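As written, the chains take the letters A, B, C, D and E, and residue 1 is the first residue of each chain.
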Amino acid sequence: MVPTQYYVILSAILFGLGVFAFIFKRNIISIFMSIELMLNAVNLAFVAFSQAKGQLDGQIFVLFVIVVAAAEAAVGLGIIILIARNRQSLNVERVDLLKL
Amino acid sequence: MPTQPMLEYLWIIPLLPLVGSAINGLFGAKWSNAIVNSVALGSTGLSFLCALEAVREFFAQGQVLVRREYFDWIIAGNFRAGFDLQMDQLTVVMVLVVTGVGFLIHIYSTGYMAHEGGYYRFFSYLNLFMFFMLILVLAANYVLLFVGWEGVGLASYLLIGFYFLRKSASDAGKKAFIVNRIGDFGFMLGMFLLFRTFGTLDFTTLFAKAGQWPAEAMGVYGTLTIASLLLFMGACGKSAQLPLYVWLPDAMEGPTPVSALIHAATMVTAGVYVVARSNILFVHAPTAMFVVAVVGCATAFFAATIGLVQTDIKKVLAYSTVSQLGYMFLACGVGAFSAGIFHLMTHAFFKALLFLAAGSVIHAMGGEQDMRKMGGLWKTIPWTFATMLIATLAIAGIPLFAGFFSKDAILFAAFQNSGGSHILYIFGLLTALLTSFYMFRLIFLTFSGKQRFDEHKVHIHESPWSMLGPLVILALLSIFGGWFALPTFFQGPDYFSNFLAPIFAGRELAETTSEVLVHQLELILAGVAVASALLGWAVAYWLYVKRPGKPERLAKSMAGVYNTLLNKYYVDELYAAVIVRPLVWLSTNVLWKTVDAGVIDGTVNGIAQGTGVVGDQVRQTQSGNTRSYAVWVLVGAILVIAVIFWPILKPVAGMAQR
Amino acid sequence: MIPRPEDFYRVLPETVWCLFGVLAMVLQPMVRSRHVLSALAFAGALLGTLATFLSAAHSGPAFNGLIQFDGYSLFFHWLIGIIACMSVLVAAPYLDREGLEPAEFYALLLFATAGMGVLASAQELLTGFIGLEMSSISSYILAGYRRDSLKSSESAMKYFLLGSFATAFFLYGIALVYGATGTTNLALMSATDSSSTLLRLGLSLILIGLGFKVAAAPFQIWTPDVYEGAPTPVTALFSAGPKAAAFALLLRIFATVHAASDFWFWAFWLLAILTMFAGNLGALVQTNVKRLLAYSSIAHAGYILVAFAAVTFMRSEIDGAGPAYAAILFYLASYALVKIGAFAIVSELGGKGEKNLSLDDYAGLSQRQPVIAATLTLFLLSLLGLPITAGFFGKLYIFKAAVNSHLIWLAVLMAVNSVIGAYYYLRLIVVMYMREPSPEALQLAPVRFSVGVNVVLVIAILGTLYLGLFPNSILQMILQRSLIGGGRFQ
Amino acid sequence: MSLSLILFFLLATLAVIGAVSLILQRHPIHSALSLIVVMVALAGLYLLLGAEFVAAVQIIVYGGAIMVLFVFVIMLLNAAAEERTDISKIANSGLILPLVAVLTAFLGVTIARGTEFMQAAARAPGQGLVLADTRALSHMLFTDFVYPFELTSFLILVAILGAVVLAQRENQ
Amino acid sequence: MTPGLLSVLIFFPACGVLALLPLRSDDHTWIRRLALTISLIEFGFSLWLLRNARIGWSGYQFQEFATWIHYPPINYHLGVDGISLFLVLLTTLLTPISILASWSSISHRVKEFFIMLLLLEVGVVGVFLSLDLFLFFLFWEVMLIPMAFLIGIWGHERRVYAAVKFVLYTMAGSILMLVGIIWLYNSTGTFDLAGFHYGKFDVAGVQELLQAGVLSLSPRTEMLLFLSFFLAFAIKVPLFPLHTWLPDAHVEAPTAGSVMLAGVLLKMGTYGMLRFCLPLFPEAAHRAAPWVAALAIVGIIYGALVAMVQPNLKKLVAYSSVSHLGFVVLGIFAFNNISIQGAVYQMLAHGISTGALFLLVGMLYDRRHTFEMSEFGGLAMPMPKLAAFFLFVALSSLGLPILNGFVGEYLILLGTYQVHWTWAAWAATGVILSACYLLWAYQRVFFGEITHDKNRTLPDISSRERGILIAMAVITLWMGIGSAYIIRRTAGSSQAVLDQMTRPQMHEAATPKLRTPQDATPRTAQRTQLAAERLGTR
């Protein structure tokens, strides 16, 4: 069997990639996708722990996370549409009216 | 009603002038001169009468010290400064001189100041001076004495600066006050030291305790020496001794009666009075005595040399005053306190007379003070001339005039007690010679020879009797005032020193040789002194009457010396260059502009601005760019994890370092 | 485990808030009157707050221990409820002025309030997460509620992106905690082995997530932008509500997972210092009042974190942590009142389109509107921490907590920060009182405040003074009833 | 090496490649596709872990609904390839990669060390009954976790509300 | 005893503010009259207090106690002793004077002005009457805001800068003091002692703990606590080098503000030192004394030198305050009975004479709208009366005997000399310098020819101004001659400060303490004996 360790290390790597993507990407949609990547990494950890503990709680959490992610997606994409409509740009670096 | 009302209510004597001062000061502005006169003269005259009555009672009750405590002025802990007055022999002399001469000068002033603006102000100040001076001499403790001490300084400040529109006058007033303050600094420290040592500042208890104190050897700076020197520092300020004499010549900016009263007869002698009053301290501190003598002698000679070449009639008298004060200190320094006080008294007479007469001359000349523009006045103002001549004879030490006796006593004491070298005596004698010279120079320049002024412009007139009256009285005093000492020349008792003996009892330095020898010595010394006085007179006569052009040539041939003397050894300039200007420069450029505005406030504002700059930097992190924000969150995350895991990471970090 | 009846009592406030939120949405097509909708929302907020009485009567754990309604929850429910009520009142005239749809706004506000309520009583991390998301997602929308405003949408975007980013950390932390202990229930967790590094890591990630929500530096970075861009009533809510709720959860975690307290100290210590300085220094040079207050709220979060440091420094053997906990609660209450009051004034003075927000617009306010100027001054003085205002005692208690834990230097740093803070509060006061208004500003008619806002201001004033004069009434209540575990730290 | 391990590495590699591709792709649509790859790979891993229901939800909800929404929005906004601006100095400083690497490494190491002994516990007997799992899951969801479950309904309501509010055109 | 008198003293002006509020804000006449009436009644109350105060009693009188806040214990604990009695009197005296001084010079936002002035009075009187440490701090802070407004609204050109500087400076110190207070409270809080359990946290209580040896602080802690208090007070005094807020605040403040600032507010600092620093942290105070004295002496000389070269008359007076307050601090930290009494006296004297100086400077400003001395010159001609008063006040400020400045200065120097003669010697140079700067300034302003034509026609003092000045002059003179009246009343309390500095363990022979705050009944016999010993009253 695959040790839990492997899964969680993978989850850490994915999480790290998500963090990096969040900072690296400029397109708001892509940035948002990197958040989804991070959430996926979390889910993996949950499932792995759930399996390791022999409990189902972890899987329940994953379901909740997916629901929350869906809700966030709806709102987030709404905001993205708003931004796109207001500014005609999806580059996050160009959205810097508020500063200092 | 007490049996001795005046001694019981001693406070009336100083209070009367105060009341006069207050009345004139508050209400006099709208009054005519006559009312102001009556208030001023009335209060001073009454005060004089009261003083006389007090003296009478003092004699009547057998010359026992009278001390009255009226109220607690300052109390704190074991310190008490009461409003306590006392009367003893020394006080008697001082009170009579102050009120008597003061009263005469008041009278004189009514004439002299009649046409000046601020008449009420003048008399108010003058009365105020009387008040403080009387407090000074009547005080029964150092603190109250200090009240008078500072108070006369204030009155002096006000009166010197009486013509406040003239910058030189207000400068002179300020200078007088500040230089006096320098002396007071020492005086205060002296008082503190005395209090620390003896726990009181009351004369009676303090002197009683100090009497028990072992005398300090020569060259030892013990408590009493230090205390005495500190007190003497105050005296130097007040009595214009080296190095603090500089204010007195400038003080001639004041009206002439002021010069007569304050800067000749009374206030400036306060220093001598304090030294005499504290004689027990000084006697126990030979080093201090020596310093007093040396300073006095040096001042006497030094001021006399300056007096040689001054052309302003009042300046000559001013330097003469400094010189004579030096004499008094010399007397005290060699232990002849009674001689010092004696000279103080006679000096009060003849110097007041000189000033008043000079005032009369100036009055006659319409304000001119430069002797080079006078000459030949003896015909036009004969009374003035006569009285002034008497005073000059007195100061020059011509026998039978007051000054002769006192000066002789001092020179004699100096000869006897100058430790064998007679340096003090020789300089004293030289000073007498110089004194005689410059005084006769003054007389000759002013009164004899040709008139060096335009008669049409200057309307010469003799002064009114309100001015001449005091002159005459003072002239009489200048003649007879020294006759207390006349019997000594016939091996009789010295009435003056006998009278003061309770004050200086047993503390005048012991006489070394037998009485007969002493008497002979005294006669010899008197002869020498008279000879030197006559020599001075003769030289003056030769230079200023016989050969009027000679002095100028002499001045030219010795330009260096002459200019140095004319410019008073450049002492004022020296002080300005060494003390005043550096201090102002330091305060302005270093303390204020650099330290205060630059360093301290700069630091404060710098901190504020620095905070602002840091704030701006912090603000710069708020770039508005979401990516940067994400980086900050990342950094924060790493930071938090690092801190929380620090205990675990520490060994790792340590290894990395190694 | 099937839910029991009392379970529903214990979540009654949230239920009421949610129901009224739904009601506002549902009734929108029928009710056209803004006033009625406002009244409805206010009623909902108020009823939810009052429902806490019922909950308090049936306090205890609910839903299998996911929720714990205790004195602590009660306190925060009250606080959040009052914040919600005040926010509704502040928002009503604003929405009217800006022509924004009220129904959705109120619904979102009530949902957000419900989410905060969940946060305040969550005893389990996942429930906490759901509550956090409810309040956060509503907040994202509210921040962007002025669709046509570039600033508002930008604010929503930043809040959303960064908020989700932080949420991911938070969630990962939950996952790790779960991995370490096999449970996400705080009560159960406290019984497990606390030395595990996994738990430690999980909790630090949770701290990062919640630190973001409470605007602790360097996670404070989003705050000024979001606060500035969001509609002012929303800013008022943000500065008080979500922050209080997030602090509530944070405190509950560290108080319950007691073993955790040992290693938190330095983290809180550092966060506190950074946050105080970031907030105060950033505020120094601001010219936009809203932004200035945003920075100020960061600074205040820093002060609260000082108390956290004090709490975590307290070893369990030292009794007397109770006052330190109480200091946090007290501070939150005093701070929330004042902040909402201040933002209410800023909101009203901002005028249509929020155009009067710069310091210059406040010049000479004392002459144009003396009462308002005085009121704002009172709030500023309270934020500054001057005596006889609530802020003074808030600060005093935190100082005391810090000194009690022998954190003298932290207290000194906080003192230094108070002085820096004084500068910009004073600056606003100076502008209002000591600068002459521009000629144009004098021409303006004084802004008329709506009844609702006036009520808010009166409540804030009275609250500020009451807490400033009789802080003990509240403090005693907190100490006796509102501490986690029934004041076992006392 | 067992089959499951091989499968794990395959899927893990796929997930990492997908994630890296998400980063490197310039066009959002490509990034979205990469993300779908990650999700599918993860679904496979869930299966490997015996969490069939979660795997199904992952595919249906995540891979299906959510990512479709993403793609839809990308298309709707006609998003072009990413503009690689470098306005944020700090984000382009080259510090980010090491920082993230450090963070990741630290997370990985710490988690790995924390889970070292977990396998023994994990292999309790009776695991792997998929159907019972799903039933138990739903049972738990409606009993133990009914409150958060109900709350999520409001969360979704909020999301709907948000979409309505935010995407609404001005005054119809 | 009159119950509640102290509360009345504190809150009467606040009630007055309430009475002012309903007046129309353009009704200047009645606003002024009402404000003046209120302040005069307040002054009457304080005179009543003076009349009823027992002489020679070193403890607190008229104590009022009410529990207010339990945690931390902040009690409404008031009391007055010899020192605070006269400071209160000074405050209530200077307030009506300030109101009169602002009679016509303030014509802008008049109502607010008088409200601020009265609120300031509330704060200041509160500071002097509070015995509870927290209460003290509370009033200390409350006082800040009205003063800042007075400077900031009614001041001159750079008023805002000055106001903000004033607040920030003061706050920087005071907030550290708050930390110190809390720290001290925490130190005491861990002890169980009867009397402390009621949750009292007042000066006397803490002292009692210290005296009893129950509370002992480690030297380091004590020093830090001392510093936290001292810094706040030193800023307020202001002690060199923390003084730079003062010139700015003074120059920018309106006349009334300057008078209150110089007259009363600065005294809060020295009062605080006497009331808290010395009795609570005697060891630390002893250790710090040389440093403090050094700063005080530097302040004396430095303040005087900088004052000397100021071209701005008001700034000159401000710097002179630095110099004068240096004397006070020196007197306090010489720990000598005489010097402390001198310090107390100097506080009062400085309040009167510098207050009067600021009044006069304000009058000049009213006429010429400048403080620059180069703009003046020869003013004695057009306004001889003002010149006379100015001289009188200047003389009192430079310490002329029989005026008030002398007594304090002399006692301070005398007392200091008894213990550290070098300190006194250095400080005494200040006596010389004060004459320099005051007389020089006086010369530049009043003497000489008139150089500016505007100055030729300046009106002399009005009857209102004359009234103020006569009042000040009479007090100046009375304080210079009748100092015993005041010292008799302050002596006990000053001595008490010193007594409190000695611990029983240091002096085994310590008699039962006279000052027992809980014990309301006076121990008459001891009291009279003590008074007799100390005062030599006959």
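Here, a contact is a pair of C-beta atoms (placed from the backbone, for glycine too) under 8 Å apart; a residue touches a chain by one contact, two chains touch by 3 or more.
Computed from a prediction, not measured in an experiment: that's the story for all the values here.
> Count of steps on the shortest touching-chain route from chain D to chain E?
Shortest path length, in steps: 2.
> Touching both chain C and chain D, which chains are there?
Output, common partners of chain C and chain D: A, B.
> Identify the chains adjacent to both chain B and chain E in the sense defined at the top.
Expected: C.
> From the C-alpha centres, identify the chain that is farthest from chain A.
B
> A-B or A-C: which has the larger count of contacting C-beta pairs?
A-C
> From the Cα centroids, identify the chain that ends up most central relative to all protein Cα atoms.
Nearest to the common C-alpha centre lies chain E.
> Which one of the chains is farthest from chain C, going by Cα centres?
Of all the other chains, the one whose centre lies farthest from chain C is B.
> Indicate the whole-number Å distance between the mean C-alpha point of chain C and the mean C-alpha point of chain E.
43
> Between chain A and chain D, what is the separation of their C-alpha centroids in Å?
Spacing between the chain centres: roughly 6 Å.
> Chain B to chain D: how many Å between their CA centres?
Inter-chain centre distance comes to 101 Å.
> With chain centres defined as C-alpha means, what is the inter-centre distance between chain B and chain C in Å?
Chain centres of chain B and chain C, defined by C-alpha means, are spaced 77 Å apart.
> Counting only residues that touch at least 2 other chains, which ones in chain A make the list?
If we look for residues of chain A contacting two or more partner chains, we find 8, 11, 15, 18-19, 22-23, 26, 31-32, 45, 48, 52-53, 57, 60, 64, 68, 71-72, 75, 78-80, 82, 92-93, 95-99.
> Show the residues in chain C shared as contacts by 2 or more other chains, in ascending order.
Only 126, 130, 133, 137, 140-141, 144, 147-148, 156-158, 161, 165, 176, 179, 197, 201, 224-225, 423 qualify.
> Could you list which residues of chain E touch at least two other chains?
In chain E, residues 168 touch at least two other chains, as defined above.
> So, with touch as defined above, which chain pairs make the list?
Here the touching pairs of chains are A-B, A-C, A-D, B-C, B-D, B-E, C-D, C-E.
> Where on chain B does chain C make contact in their complex?
Interface residues on chain B, with respect to chain C: 608, 611-612, 614-619, 621-622, 624, 626, 628-630, 632-633, 635-637, 639-641, 643-648.
> Give every residue of chain B touching chain A within the complex, in rising order.
619-620, 622-627, 630-631, 634
> Name, in rising order, each residue of chain B that touches chain E in their complex.
Residues 29, 71-80, 143, 146-147, 150-151, 154, 157, 161, 164-167, 170-171, 173-174, 177-178, 181-182, 184-185, 188-189, 191-193, 195-196, 583-584, 586-588, 591-592, 595-596, 600-601, 604, 608.
> Which of the residues in chain A end up touching chain D in this complex?
1-21, 23-27, 29-30, 32-34, 36-37, 40, 43-45, 47-48, 50-54, 56-57, 59-60, 62-64, 66-75, 77-82, 84, 90-91, 93-94, 96
> Of all residues in chain A, which touch chain B in the complex?
For this pair, the touching residues of chain A are 19, 22-23, 26, 31, 92-93, 95-100.
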